[in-house]
Structure formats: structure tokens, C-alpha cells
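Paired with subunit B in one complex and with subunit C in the other, subunit A is shared by the two complexes that follow.
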Partner chain A sequence: MISAVLAVARGAAREQLRYPIDLLASGGFLAVVLFLYWRLWTVVESQGGLTDLGRFDVTALVTYLLVTELVVLAPGALHLQVAEDVRSGVYSVSLLRPLPHAAWEMGRALGTMSARLLGLLALGLPFLVFVVGLPELRWRDALLALGFVLPVAILLECAVRVSIGLLAFWVEDVAPVYWIWQKFLFVLGGLFMPIEFYPDWLYSLASWLPFRVLLHDPARMAVGGLAEGELVPLLLRLLFWSAVLFGGLLLLERLGRRHVQAQGG
Partner chain B sequence: MTVSLRVEGLSKTFRRRTRAPGLLAALGALVRPAHEEVEAVVDLGFEVERGERVAFLGPNGAGKSTSLKMMTGILHPSSGQAEVLGLVPWEQRRRLVRRLGCVFGQRSQLWYHLPVAETFDLLARVFGLPAADARRRRDELAELFEFSHLLEQPVRQLSLGQRMRCELAASLLHRPELLLLDEPTIGLDVLARARIRSLLARLGEEEGVTLLLTSHDAGDVEEVCDRVLFIDEGRLVFDGSLDELMAGHRRFRRLEAVVAEEGFRCERPGVEHLEAPAHRVILRVDTEVTPLEEVVGALLAGAQVHDLSISGPRLETVLRSIHSSQAEAGS
Partner chain C sequence: MEHDARAGLARWLVAQWSASLRAAMEFRAAFLGQVIFMIANNLLFLVFWVIFFERFEQVGGWGLRELALLYGVAAAGFGLSMVFLGGLPELARRISQGRLDDLLLKPRPVLCQAAVSKMRVSGLGDLAVGVGLFAVSGHAQGWDWLFFPVASVIACLAFGAFGTICSSLAFWAGRADTVAAQATHALVVVAIYPPGAFSGWSRTVLFLLLPAGLMSYLPAELLIEWSWSQAGVLLFGNAVLFVLALWAWSAGLARYESGNLTQALE
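== the complex of A and B ==
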């Protein structure tokens, strides 16, 4: 099955790479966001507003945003694609392959995310390195974050988007559901800044929810913000929420399959 | 003979939400939604033997696609049983699809932006075929379906006919024992349709694949299939050979003439005037009631005939007449 999933991923990646301008456009968007954010934090720093933020300086904050944006931008509009497949009946035909549909979708997500990451990093990374500068990195944490925690976080976000797409079995339009998820993710996941900067009550709330695993944890780890003894809890948290979110995807798929109709989804 | 497909008492009922027109009714439906039950397939039963080429016909909404989807395991039936290649489709779907080929005319399994060859590579991986075998099989199919020159072309650049040939070949890559085709010639032009039909007929003969195809095109049935299942309002109303289907209608002849006069009538028992433009006469003659020579004689005697043609019953007419008689029996 792994070879089949990797083949699907390769196909999806090649499909994305057929449109290099689209990929570079998302990289350009990321560079613009990073530029605005960099200017904003530079002003805050010049006013003495970064004194209470521990290890986080301007370069660390911009790098943090680069990592969180990768999670948000790499999966693309997967939820809309899945919803369209459900509505048009492509989903039901996909059941005629000897590969579980969820595995097919995750293969497609893996390929899409890999290709989109190339596009995003093609412009985002040079901007960070040559314009903003790299923060002081802890190489073990940075490598583990970028090589394992970040890819898993992106795949988890893909799983969530596939799950939202599968809601098309029950609702006409999945876009509002995604919109709500995205806003929670931005705020409680810490898209723009680590959740430690939040007031205590909001930080406590965010700590118990899955959003931080997707954005805050990989980004904070990548910029070297992980304190001693925080690595194991982070990995356990990642494992727990992976089980919950992938389990949710499988459950939704099983429930959705009962709603397959003759012509459409 | 081995049975490829056995269906017994298969039924499928969908529950559909109903809404009365108007704003108040729409608001009321939010509080108390109303539903109705729709019987898509009712007590379907038949057997298909290995190597048979069967047409599964019926008007739109007759239950053809629903039946096919139950036979492939995509849909669970409300009641009844089915055994496809010795497996229960909705319980052993993933095992079954390894031995089944499916083409749903309006849903592509090819990757739209990638070259055709890459879809074949992907399908080989998904079906777990050894790479060398898969490549040999692909080349064999490309030769049979005449698309070797298209292998490196992206699917989006193919014409509909070329794409359909590739779709058919892709569904055969894993050497299925049973091929289910849902409207494989839909949207194709005359030449492409003829090509697909001849390929399907060859496929049945050369590879011994069992074929079950749905179509609205009588030509598909006449040129590819040797047996017809006709389903109407979810019920099987005819199961037999093409000859048997036509037998009850052979006594009818269609007589078409171009005449000098306007409004010519041939009033004889068993002769029905069909709608025709000016200076044309189209008659449906029941030859058991009035012999054909008597009608032709009356026509030649009563009108100045410029042209005359006589043809046998057409499959489309026969199917329409079965559908009408079912509707009359129902009402």
C-alpha cells in the first residue's frame, strides 16, 4: 500500500509542478506576508516592545511565521477538491480502486504539499535568509522540526481539510466550515506569534486544543524556542492529535460512504 | 459454463428529502423535514455467464447505474443478494475490484494533466502489478486500442474518442474477468463510436472478458452484445437474446415514400400513419394484419410515388414500445 500511496503522491506532485507559475505565485504571496510582518515587528522592536519576549527577536518571529504559513499554505484547496469529488460522483468511482479512499487522498495530499512547499520555499526562504536573516538556531531541534514535526503537522492539516471536504456528504457548501476552522487555527494555533504571548486564560485554552500541534509546536521548535524537557510532551501531543485527527478522517469516510447515491456523491 | 454474475431479489430504496414550494414551506422543512422513499431498483434478478456480452438497457432513471453500483460494491442494497465473480460486492469490494474493470463514461480515471503513460504506471502500482508485466500489458493494450502514439501526451490534450480508448485500456490493465461499462460511447461522434464498438467486440472475442454495458445507443447493443436485459422503473422487464427481443416486432415494417400528392392516406387495418413532412408518407405496417404487398399496391395505385423504402423494426423503436407498454400497464 505504501508504494501505491507514494505513486499517488508522485502523480499529484507532478500535476502541481505542471503549473510552476501558480506555485511561484503562492511563494510570492508568502514573501509579501513575511515582508509586512518583518516591518511590523521591526517597528515594535524600535519602540522597545520586544523586551519581554524571551528568546524571540525579530528574526525568530519572522522565521516562526514562515513555518506556520507553510502549514497553512502547503495543503492548497484540498477541502474544495474533495467536496467537488463527493458532489460530482468522482468519489464513488474512486471506491473502485483496491486502495482505501483515505489512503488515496493522503497520497494526493502528500504530493500536493511537497510540490507547493517547493514553490513556497523558492521565494520565502531567500527572503528570510538574505533580507531578514536567520535566527540563532538549535540545530537538533531545527532539524527534527523541519524533517519530522513540520511534515507531520502539514499532513495533519491535510487530513483536516480532507475531512472538511467529506462533509459535502451532509452539507451543500463546505467553505463556511473551513472558514471557521481556519479562524480557530489562526488564533488558537498561534499563526502570527507563539501562544506563550497570549494572556494566561487563552494560553491555557489553546494548550488543550489540537491547533497548537499544527502551527505553534513545529514553528516554535524550528526557531529554537523549546525549553529543556519540552520535546517529549510535544511529541506525545503530536502522536495523540494525529490519532484523533486521522481517526476522525477514517470515521467520516466510513459514515460518508453510506451516503453515496447512484449518480452524484 | 461458469457464472460471472448472479443477482437475486436485489432492491435499493433511497430516502429523499422533499420540500413544498414557498418560503413558509422552506422554513417549516427546517423544523420538520419531510422525506419520501424512492424505489430505484426493485427485486432485480438475473445471471450472466462467463464470456457473455450483455447490454443492460433502460430509460434515464430506470435504475441502471444504481444496479451497477451495487454490483461493484459501491452501494449497499436495501435487500437481496448478489455474487460477482464469487464475491459479495459490498462485503468484499476491495478484493472484487482487483478482478473487475469499470468504465463510467462520464467519470475519468485518467490523470487529467499527466501523460497517459503515467496514469498506467500509477494504476499498475495501485493494483500491485509487477512493473515489467504492467508495461508489457500496457503496450499490448495500446496496440489493440491504437493509442501507442498518444502515450506521452497529456490526457487533457486528447479528443473524447481518444480518451475513451485510453479509459477502456486503463480498465483492462489488471486483466479483469468482468468489465462493467456505464455508457462508454456517450458524447462520441459516429466514427469514434464505431471504433469503440468494434474494439469491445474484439475484446470479448480475444480476451474472453465478460461484458455488461449500459447504453442509450442501440448501435452499442447491436454490434457488441448478444443478450439484452431491459430494466424499467427499477424492474427487469426483458431478459433474452437480441433475436428474442426483436422477434415479437419482426412482423412490423416501416414504409417510407416520397409522393407528389399532399395528405395521402392509406386506410387499411394494421396500418398506422406516423408523423411526416409534406409530400412524405411514413407507415408502420403490421404485416400479420395486412400483407405488405397490399399496402405497397395501394400506395402505388393511389399516389404518384417518387421514392420508396421499406425497413425492418429498429431496436430503438422496440425498446420504446416496451417502455410504453410498461407505462400503460402501470397506469
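== the complex of A and C ==
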């Protein structure tokens, strides 16, 4: 099954790579966002606002943003693709494949995100390195974050978007559901700044929810590094929410399949 | 004669919009859902700024109240464009797929037809948030209530003109829908960030490459403190943007090639 999923991923990646300008456009958008925050944090720093933020200076905050934006931007509009497949009937045809539909979707997500990551990094990384500068990194934590925690976080976000797309079995338009998920992710996941900067009550709330696993944890680990004893709780959180979110995807797919009506033709 | 043509176009536009609104309201639950979810979407995003300004107080003289005003102008302008020019986000794809044929056959300006071909009712949620934020920003006094609608319409037209320029790339580049979508998305994102973060060259870049200055910064600054010279810059800048959009569209349309899909898709 793994080789079949990888074959789907290769196909999806090739499809994305056929349109390099589209991929670079996403990278251009990322560069604009990095530029915005680079200016914003620079002004805040010049006003003395970053003095009590520990290891986080302007370069660290922009690098943090680069990592969180990768999670948000790499999956693309998967939810809309899945919803369109459900509405148009392509979903029912996909059931004929010798591969569980959820696995096929995750293969497509894997390929899409891999190709989109190339486009995002093609412009985002040079901007960071040549314009903003690289922060001081703790290399062991950074490599573990970028090599394992970040890819898992992106796959989890893909699973959520596929799940939102599957809601098309029940609702006419899934976009509003995605908007709300996205904004909770932005705020409670710490898209723009680490959640440690939040007021205590909001930090406590964010700690109990899945959003921080997707954004804050990989970015914080890559940029700020982990304190003694933080690694195991982080990996356990990741494992727990992976089980919940992938489990939710499988459950939604099973429930949605009951709505499929194949009428031939 | 020309006056009659303009009056006819205005009547046709009103008829298009009212028909689109009636069609959208046929599905009451979906209609209300889109509006309510968009309001919630905006308010959730504002939570970030509340947290940000609670910690950092102000950025280059822009605090939470000023940001509410800026966000209000941008949201109202964006909302208006989604409601009244809701076909623009699909324009690049329509061009690249050669699906302008049916519009070319009708005796109305093609760009107008494409722009009003769809109404995105979620824009009403943006509009409601925009007006609400303006009202609570502390900058809504007296004449401001008259200028705010003008500022919102200017923001709408600036967004529409920029969207037209980006979409017109499809006449030359073929598939340009992602580029157009990312560029207009970038404009919206930039338009809701405190301009106090930008000065000198970075401010110029934002005014020239992404006209966020014309969409939200200048209108918001005028609502905070009126200045005739700033108002002149706003009007002149938007006039240039508008002319550029019309030029890009006209030059592109002359290169348009049909996809012969009229019967299949329309």
C-alpha cells in the first residue's frame, strides 16, 4: 500500500510541477508576508518591544513565521479539490481504485505539498537568508523539527483539509468551515508569533487544543530550540493529535461513503 | 445618445445585481451561513491584533483603534468588490479557458459583464465587519460617516482595478489564475497591516507594486486626519490605476482567442 500511496504522490507532484509559475506565485506570496512581518517586527524592536522576549529577535521571529507559513501554504486548496470531487461524482469513481480512498487522498496531499514546498522555499528561503538573515539555531532541535515534526505537521494539516472537503457530503459549501478552521489555526496555533507571547489564559487554552501541534511546535522547536524535558511532551502531543485527526478523517470518510449514490451511465 | 447609453448600462447593472441577490437568497440557509461565517472569520482574525496591541501598544503611531479603522476600510472595500464585482476573481481562468465568447456577443462592455457575472454574498459579511469596525474605531465622527462610504467605494475600485490588471496577464501568459489570485490575496493581506511599519522605500514599494496605499492606507489616514494633498494623491493614484487597468484589459482583449466552449460550458 505504501508504494501505491507513493505512486499517487509522485503523480500529484508531477502535476503540480507542470506549472512552475503557479508554484512560484505561492512563493511570491510567502515572500510578501515575510516582508510584512520583517518590517513590523523591526519597528517593534526599534520601539524596544522585543527586549523581554528571550531568544526571539527579529530574525528568529521571521524564521518562525517562515516555518508556520509552510504548514499553512503547502497543502494548497486540498479541501476545495476534495469537495469538488464529492459534488461532481469523481469521488464515487475513485472508490473503484484498489486503494482506500483516504490513502489515495493522503498520497495526493503528499505529492501536492512536496511540490508546493519547493515553490515556497524557492522564494521564501532566499528572502530569509539574504534580506532578513538567519537566526542562531540549535542544530539538533532544528534538524529534528524540520526533518520530522514539520513534515508530520503539514501532513496533519492536509488530513484536516481533506476532512473539511469531505464535509461536502453534508453541506453545500465547505469554504466557510475552512475559513473558521484557518482563523482558529492562525490565532490559537500561533501563526504570527509564538503562543508564549499570549496572555496566560489564552496560552493555557491554546495548549489544550490541536492547533499548536500544527504550527507553534515545529516552528518553536526549529527556531527557539527546546528546553530540557520539552521534547517528550511535544512528541506525545504530536502522536495524540495525529491519532485524533487521522482518526477523524477515516471516520468522516466512512460516514460520507454511505451518501454515495452510483447511478451508472 | 451617449447619456442614454450610460443610463441603459446603469439600469442593466442594477438589474444584474438584483437578479444575483435574489438568486443567492433563494438558498436562505447558505446565504446566511456565508455572511455569518465571514463575520466570524474576520472577528477571529482581529483577535490576533487585539493580542498584538495588548503586548506592543502601537506600531509607528498605529494602535488598535487605528488598525480597526484601517481594517474597516479594507474589509468594506473588499466586501463591496465581492458583492458587486464578484466575477473578477474568476476572470483570469475565464480568459485562459477562452470563455469570454458569450460575453463578446452581448451589447454591453465585456469587462462589466464579466465583473458582475457573479455575486459573492460572503462579501456582505466583510461589509458588515467593515462598517462595525469603523463605528467602534473612535474615528467615526460627523463628516467621517459621509467619507467612509466614499473611502470604501474607492477601496473597492482599487481592488477591482488591481484584480483586472492581474487577470489581464492571462491574455499574454495563458494560465495566470494562480498568479492573479496570489497577487490579489497579497494585496488584501498587505492592506490590513498597520502602515506605521512601513516608511521610506518599503512604503513606496507597497504603493507601487501592491496598491495597498490606495486601497486602505490613504483612505484610513484621511479619516484620521483630513488633508487635501493626501486626498489629491488618493484620487490621482486611483485614476492612474484605473487607466492602467482599462489599458491592460483593452490591449489584452485584442489578443483574445476563443476556446469554442460556449455551447459546452455556458
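Some points to look at:
Just so we're on the same page, the second predicted complex is superposed on the first by the 261 of 265 C-alpha atoms of A that agree within 3 Å, B and C clash if a C-alpha of one lies under 4 Å from a C-alpha of the other, contacts with A are read in each partner's own complex, and residues count from 1 in each chain.
Here is the rule we use: a residue touches a chain if its C-beta (ideal position, glycine included) is under 8 Å from a C-beta of that chain, and two chains touch if they have at least 3 such contacts.
Bear in mind the structure is a predicted one, so any value in this text is a computation, not a measurement.
With both structures placed on the common chain, the touch criterion links A:260 to subunit B but leaves subunit C unconnected. Comparing subunit C and subunit B on the residues of subunit A they touch gives the larger count to C. Of the two partner chains, subunit C is the only one touched by A:29; subunit B is not.
By the touch criterion defined above, A:99 lies against subunit B but remains apart from subunit C after alignment on the C-alpha atoms of chain A. With both structures placed on the common chain, the touch criterion links A:180 to subunit C but leaves subunit B unconnected. Comparing which residues of subunit A touch subunit B with which touch subunit C, the overlap is empty. Partner subunit B is touched in their complex by these residues of subunit A: 3-4, 6-8, 10-11, 14-15, 18, 88-90, 92-93, 95-100, 258, 260-263.
Residue ranges on subunit A touching subunit C, taken from their complex, read 19, 21-22, 25-26, 28-29, 32-33, 35-36, 39-40, 42-44, 47, 49, 172-173, 175-177, 179-180, 182-184, 186-187, 191-193, 197-199, 202.
Residues of subunit B touching subunit A in their complex: 12, 14, 40, 63, 65-66, 69, 72-76, 93-95, 97-98, 100, 102, 104, 106-107, 109, 111-114, 118-119, 121-122, 125-128, 154. Per the touch definition, subunit C reaches subunit A in the complex via residues 27, 30, 33-34, 37-38, 40-41, 44-45, 47-48, 51-52, 54-56, 58-60, 122, 173, 175-176, 178-179, 181-183, 185-186, 189-190, 193-194, 196-198, 202, 210.
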